[in-house]
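Every chain is named by a letter (A, B, C and D) in the order it is written, and numbering of its residues begins at 1.
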């Protein structure tokens, strides 16, 4: 187990280095120039060149790469040209914000998704089943930002009961921070929920066919125990796998949602960085996204082996 | 128990948030708050309220601030007397040392707009309250330059209590820096022992909100009291409403459709259509300026040339400058006289913020059979296209953008349009102007004026660009909280800023 | 009345896309206390359906359409058909008063829980005792079914055990609440011969032990001989002969029973004689509309068999048969 | 337990009906995509400033946008654009990805195969959307680049799927027997393996079609996809949402359009799954 995790972690690290390199190479060919974005043309003779020199933009590729990697290894994420700051100082609060958003959405879609999935699996073909099916179909078919915009129109323009945008830290004012969280979290979950429901449903349908479910009935177990203890635990493996795969989708969705709701997270930072051609910042962000994805999938694998003893991690 | 106390603290915060008269201002985004590093207008709002400048400019006139008075010793020497008894936010006394430090740290004039003070060779301290600026060549505009926020005076701190001016600030200004959570908010609070008029606002909270609608919605819901850049189409209804109003802060510059005299690779038969003044005139008459202004929010006055009435040197007699307005017949007439009577196709480049106006321009030019392809690029991508000697503007034929002058004097604007200096959105060169602007600053102010006027007329007559409206920034604010805005029209860096301590609350 | 279970005119139908198939039609049966009733029949004759209908676990699209299943315990009698299969009452009976051993030990245990948990669970839903007690009981019962070193190995997962072991666990789980009726649905078919023997021995010990009433379903007359007191021969959802073991093996009456008996391989038979079988094969339920289900295959078929349906008639107090030969 | 028969019947029926509806909507979409430009009542680019922000009326069925352009015409033309985008991105993604995947999968296990698979897995660790955004930014933001970006960022998943499938296929008994009968590699690939992976290809293609439409809309929404004044649905939503305070209705038509098309694609995918074995992925 431990050995397996170690192997995987080293795998992650290697992966991330390859990612770093890819990203770095990509960056070098991004059109546009951070310095120009910074000055918007209000520049003096030679100022641009001077700045490019200062930010090492004039150095040859391998040199820049070396500098950057060296920085990373010393735990220095690099320097954001747009903010004119150490990236680490910008990055951490944004990271926390995004994690807050993503984890809550994940939590919500699991909390809602599993019971709904089970219900529609148990009452296959019933009205509830049909309804859930159609809803989740619509959920799958709607771009996240459309959810966002429509939610804004309903709750902020017409009803005017929720704040449109922004974030309030929990340690500042719990009620406010929750109010700010509701819409973004919902619009992300709406995108993810269908996948959870559909998967739980199909897995459940498979599992419920098994003999040990019949044994469960024969033992005199209550339906609740049957579905939520015996069947669910067996069907979770597949569900978690899907969550692991769709985590990427979740991340992507979070970028757009953050944009719609002006959530001060990595997504907004990422777009800002792209717009301002802030190379090092983009590199760091993409790297982080890739890392998050890999790590989550590692965690997923570990959870497997906990849920299902038959899966041995070697 | 701990939780409970926390909750109590929150409640405390909320309550005094309700009763203290603090101001919530919605801006686009912050970079950093170092006066000589940043280039973002939003940052300068913060800077201008934390720091003081030596001189301040109000409604076109220079007034003393940290400097009590100033005089030219020679063409190249300006002596400045400093105000006594001014305290920094950290309690230390303000002295000539700080001024010297401020201008020394600008060298080598690389970062931000510090190049603005290239003319300053060094500063010598006469005594604690007197300092002399020595210039490497005469610049009669220096006092005006000193009035810019970029020249905000920062304290000279001892090694022990150094701070990073990018994330933190100690000034002499009407507001103290409290805290800044990146991406969330930046808080200032009143400096009660300000040497000048103490503001009636207790604290100011800036919230960066990139999205226009979001800003507007939060203004409506009362989360914000002032917002920068109201989304244009909502301006009319906001003005109608009884609780809100919009204030157009005019900039020292005009929106223009610049023509690329270099031509481009797409129109082979004739090398570069925009060398033909007939075509330029045709276009200038084909644009429906009313629509363009309306789409931009309908607040900006129409201008006909590079100079705006707010700039020094704007022609005294407006009749000397030709006026051109939407007139399709005329446009078609000019087109038929031009070298390309059956039209041509070209590329129009525009930064994202003017996307919609660019779309309209495209449609207008269709009328005179000019087929326009739109290219919406951000500044970081546009400028290389315009300045890179290899490309030299062959990527685009027209460029829809706005320039504003960093001083009340127009050289910047004019040079961008007319001389070889710097990067050129329109590849028009006239060496004469180079010579002219080379030493214009050395002349005494009043002698500069006619030159500017002449340049203005020249540009308009030749239609170097089609000028559209005076560039402005719209500020939405809630009438219930704020008395009126006009009183705050203060020169800072661009004209489209205001000083928070001038705001009158209800 | 010493019958633990009385099944009267039970009909179970399966609804498939178009037609409905009568898996069991009009079956009457009663099981005496503390006796072992063997139920024999070829696969697909409705043995398992009978068992499941007692448990109230007929899988969809199956359904009990008519009939009653009277179950008597502590001076009360309940009709199991009436009760909803999810109802509390039914749950308190299942696994507690009536419990069942299934054919496939490999798949009949939940792979993601330890066998210990699964038995303990059974105890704790039926009797309110705390964890430690129920764990102790589990260990005891596992000892009784001859499960090696239960103290340690109750933490094993099903996939770590052999078929025989799993079947022992199943039996333990079935017996742990001391049920009145134990239904064993072909408990040995999935196991290889040596293990079969062990399991059968175990069952016999259990019989001697705390005398439960057992309903032993199999297709193997040999097994029946070892286990049962009474035997019911089933053919296409009906009971064709019901008699005590000795009667069946000494003088079977129904041609089908006779056929079955003749098809048992025995050691003391000369090599050259072929093992004789019943000609033809089992008709699908509901295929034969009129008359005796068996007539197409019956060696002694008569004219009336084709259109007259035989009833179960009592020959002696030990033997009932449904065949027109004896009416 | 009880009326289960009815339930099943209803379910089966419902399912089939749904995927039929999907097919219907989808074919309408294709039709409009091809012939839309012939059906439009107005020039979708013609601005008429005086008549902006009109709610639906007799002249403009879907109303007009910020520049007074007829939204109905724009949505119709948008269908064409969306169709074009999706097909092109599909071609890039599925063909390149498919070919690589099949070849790699069919390849004998060797170091090259391992490397390719490893690299592919690394690419898979980029979230699809993030990758698409990145590549678009790299190529310079306009529609064609967006298409290419979407296509490229889909390749890894295709490679993954096909690699796995072909791998499992080629080790099946019938292939082995075919080889032992001396069938050539090519023949096996085309006569035995491809027919068997066709269903998977189909389902994935349909799903990816849906995904593409969403991705394009998203890129345009962020502002790095289609360039104005092109009536791409995503761009329309963005511009509408910019003015949603003045004219909220503007968001509805393009959103509905996207929703319907993607929905129909998903319905069809479900239908296809129904007919083929459920354990596709």
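We adopt the following convention: a residue touches a chain if its C-beta (ideal position, glycine included) is under 8 Å from a C-beta of that chain, and two chains touch if they have at least 3 such contacts.
Predicted, not measured: the structure shown is a model, and the values here were computed from it.
Counted as hops between touching chains, the shortest connection from chain A to chain B is 1. Overall, the chain located most centrally, as judged by its C-alpha mean against the mean of all protein C-alpha atoms, is A.
C-beta contact counts were set side by side for A-C and A-D; A-D has more. Averaging C-alpha coordinates per chain and comparing to chain D, the farthest chain turns out to be C.
Per-chain CA centroids place chain C at a distance of 55 Å from chain D.
With each centre defined as the average position of its C-alpha atoms, the distance from chain A to chain D rounds to 22 Å. Spacing of chain B relative to chain D, judged by their CA centroids, is 45 angstrom.
Within chain A, contacts with two or more other chains are made by residues 31, 152, 157, 259.
Of all residues in chain C, those that touch two or more other chains are 85.
Among the residues of chain D, those touching two or more other chains are numbered 8, 140, 241, 244-245.
Residues 212-213, 216-217, 231, 233-234, 237, 288, 291, 294-295, 352, 355-356, 358-360, 362-363, 374-377, 381 of chain B are the ones that touch chain D when the two sit in their complex. Only residues 15, 18-19, 22-23, 26, 29-31, 124-126, 129-130, 137-138, 140-146, 149-150, 152-153, 157, 202, 248-249, 251-253, 255-256, 259, 270-271, 274, 282, 286, 289-290, 293-294 of chain A touch chain D when the two sit together in their complex. Residues 31-34, 36-45, 47, 50-51, 54, 82-85, 89-90, 93-94, 97, 152, 156-157, 160, 163-169, 171-174, 259-262, 264, 268-269, 272, 275-277 of chain A are the ones that touch chain B when the two sit in their complex. Contact residues of chain D toward chain A in the complex are 7-8, 10-11, 14, 119, 121-122, 125-130, 133-135, 137-138, 140, 210, 214, 217-218, 221-222, 224, 234, 237, 241, 244-245, 248, 251, 255, 258-259, 262-263, 265-267, 270, 278. Of all residues in chain B, those touching chain A in their complex are 6-7, 10, 13-14, 29, 31-32, 34, 37-39, 108-111, 113, 115-116, 118, 166-167, 181-184, 207-211, 213-214, 217-218, 220-221, 223, 377-384, 386, 403, 406, 412, 416, 422-423, 425.
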